[in-house]
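So, here's a batch of structures to check.
Below, chain A partners chain B and then partners chain C, in two separate complexes.
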Partner chain A sequence: MTNQEKYNKAFMTALEITEGQLSGLKYQEIEAWDSVGHMGLVAALEDAFDIMMDTDDIIDLSSYEKGMEILSREEYGIVF
Partner chain B sequence: MEKIWDLEEHKQNTALLDDQGNALSYGELARECHILSDAAGKRCLVFCLCENSIGSILGYVAFLDSGIVPVLLNRHLDRELLGGLLQAYCPAYLWVPQGQEADFPGMEAVYRAWGYSLVRTDYGREYPMHPDLALLLTTSGSTGSPKFVRQSSTNIRVNAESIVQYLGLDETERPVTTLPMNYTYGLSIINSHLLAGAGILVTEKGLMQREFWSFFREQGATSFGGVPYTYEMLDRLRFFRMDLPSLRTMTQAGGKLQPELHEKFARYAQGNGKRFVVMYGQCEATARMGYLPPGRAVEKKGSMGIAIPGGRFRLKDTDGNEITEPYTEGELVYEGANVTLGYAERGEDLAEGDERHGVLETGDMAKFDGDGYYYITGRKKRFLKIYGNRVNLDEIDRMVRGHFGGLDFASAGTDDQMYLFVTDGSVAGEVRTFVSQKTGLNPAAFRTVVLGAIPRNDSGKTLYRELERYYG
Partner chain C sequence: MGLLEHKVCLVTGAGRGIGAETVRKFAEEGAAVYGTARTEGTLDARFAELAGQYHTPVVPLYFDVTDEAAAKRAVMQIRKEQGRLDVLVNNAGIMQDNVIGMIGYDLMRAVFDVNVFAVISMTQLAVKLMGRQGSGSVINLSSIVGLDGAAGQAVYSASKGAVAALTKAASKELSPKGIRVNAVAPGLIDTDLLRVIGEKRIEENLSHVRMGRLGRPEDVAGVITFLASDMSGYVTGKIIGVDGDFQV
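Presenting the complex of A and B:
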């Protein structure tokens, strides 16, 4: 699986959505992405990439695109 | 009618401050309250669709302060469920966010303030209300059950006074909202801090949002409350590494926190000059009944503590006798002036007076230790706490069977994890989506299990015990 596929799968599994819903998706835009969904999403991303996210990054993860930007940073080093 | 707060006493203090920089002093709040209650014009019933905003809190305070009876509901409550409640109670007015006015066609907005509208209904009838009735709250919050708890102004006042006393609240406190105000625990934070003359930081943002923490730091929040799930989230957020110098107190209620997490937060508080206070309560007792003094939080982890000032706990065995031996399980009974009047299930019930006379059978099973500290051990009734919300399993069963035309179905589970049992696998996903949407709770809380048959006894009664092996 590519990193992009892993990333998408984490979103789709944690928030129970389809691939078509990913682009442009923002926090609280769908019912499943509330604070509970957010915890599940962070856990899924941490598992998928074997990382530990920082507090600041967890609360910054406000959209599908923002998450990729965060994970691309040096401390996580995930290449999409 | 007994007044709950003396807003004028603190008129120079900031009462409410939101994350947009809007503020209202106690003096301004008192004036706004007079204008709003004058617009309503009489003692009547008002449905408030709540959020954590100045307008929402203003409406609640204005109504309660002038003898108008508010019913506090979540503004996201499912429309169909709300419709059922409106039919059952025929409120004279609604207090709703201006953006939701359009949801009530044919009803006229007679007054607007702070983003909220007072909308006059037109049901053509109003139910008589008992003079002691001050406030109605839901027991479950989410299933749209017409069962409300009837609270008096004395209930609210004495419970707020007790909270001010045991938490030592004063006007220097700045709690930040982390719980819905229509939720009894969230409301008790508002009630007690308004009594203390403190400034409440009001936000709809949550723990998982940067804006929440910016607001927290900029305005120097001193306390917040959380349900067990809140503390699980904070743990995940690596809360213990956050620098929050203004924070003094964290309170926890709305279900039993895992003892390990209890200890973790208690130790953090102890080591950082903060307080972690586990509490116990129910809407039927206005809000709070017990608290664990923070000095013993580590030592007594897993305990919900002792009765609040002015209250008393006792345990009752199956024969109704009081238990005097430590570590013996029995039903927890609470006595105090904050025990509410009773329930209402329809408009006619609003005329009822006090049915409990200061004694509440909590429905929770408990034991106490040698020092008289209480531990909740189980429940008599069939409900779960999902993210701090009480969800009645019999109501879920009724709702699902009703919607899916008598489907073979049963619900059960543990706190934060409900199991939905069906015999027809093809509808499992649909049932789960339905329950999640109707309760407004994240689908992660619900799991489906397909069985060959729902276990029942000869008379057709569901044998819930036999379902336990699927989740135990």
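Presenting the complex of A and C:
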């Protein structure tokens, strides 16, 4: 699985959404991505990439695109 | 079989006092124990001795609890080596204070950084692992003065009161995930931290302890072990006094 596929799968599984909903998706835009859903999403991403996200990054993870930007940083080193 | 067999435990401030005795007791009860100190190497010899004596992993970790990045690396190490974390004891703490009118912000920040903010931060990290397992026990070190207050100890008392409130709030939030959060509230325990106040004040205070003696680290470690074990599996959100009936 590519990193992009892993990333998408984490979103789709944690938030129970389809691939078509991913692009442009923002925090609290859908019912499933509330604060509880957010923690589930973070857990799914951490499991998928075997990382632990910093609290500031968890707070910052405000959209599907922003998440990729955060995980691309040197600290996590995930290449999309 | 030991009370903590198959459990993976993390104890902060494990080099002396209550933390050191908690690590020993956990190892005796069969847990795999990770303990922390700030100065590299200081735990190595003692932990190797405990691991040999109790035939269980006793692993030193070196970081300052106020360094979130270092704490994260330590929890990642536990995840890599053990795949789980069952018990977190937020024991590391400092007692510094001044009389009202002489309390500077640096003092307030220093005490709250270690006694409160690091406890929240460590709990958040531990809960990441515990949440996935659907089980875990977090044990915080409050204090009798956090519940009753003590003259001349406004900052330390406030920090330990915050720990009590945090314990109750976190227990409410985390019990649906199967994670228990409790605290112990020690009275006068014979450790370096207490000795700082001087023999005279210790003697004065001792006259208010109805059991007539100072507590020992093992008095507190015993209650922590109970809270870590499945014997307390239905106990959460509680602050348990370990004070020999001390009237502050």
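Observations
Keep in mind that, in the parts below, the second predicted complex is superposed on the first by the 80 of 80 C-alpha atoms of A that agree within 3 Å, B and C clash if a C-alpha of one lies under 4 Å from a C-alpha of the other, contacts with A are read in each partner's own complex, and residues count from 1 in each chain.
The criterion applied here is as follows: contacts are C-beta pairs under 8 Å (C-beta built on N, C-alpha and C of every residue); 3 or more make two chains touch, one makes a residue touch a chain.
Keep in mind the model is a prediction, meaning the values are calculated, not measured.
With chain A as the common reference, chain B cannot sit beside chain C without a clash.
In the superposition on chain A, A:Glu16 makes contact with chain B only, not with chain C. Considering which of chain B and chain C touches more of chain A, the answer is B. Of the two partner chains placed by superposition, only chain B is touched by A:Asp34; chain C is not.
By the document's definition of touching, both partners, chain B and chain C, reach A:Asp54.
Once the complexes are superposed on chain A, the part of chain B occupying the same space as chain C corresponds, among 62-70, 152-160, 296-304 or 440-448, to 296-304. Where the contact sets of chain A with chain B and with chain C meet, they give residues 39, 43, 54-55. Only residues 206-210, 212-213, 229, 232-233, 236-239, 241-242, 387, 436-437, 440-445 of chain B touch chain A when the two sit together in their complex. Within the complex, the chain A residues that touch chain B are 16, 27, 31-32, 34-40, 42-43, 54-56, 58-60, 62. Chain C makes touch with chain A in their complex at residues 68-69, 72, 75-76, 79, 121, 124-125, 128, 131-132. Touching chain C in their complex are the following residues of chain A: 39, 43, 46-47, 52, 54-55.
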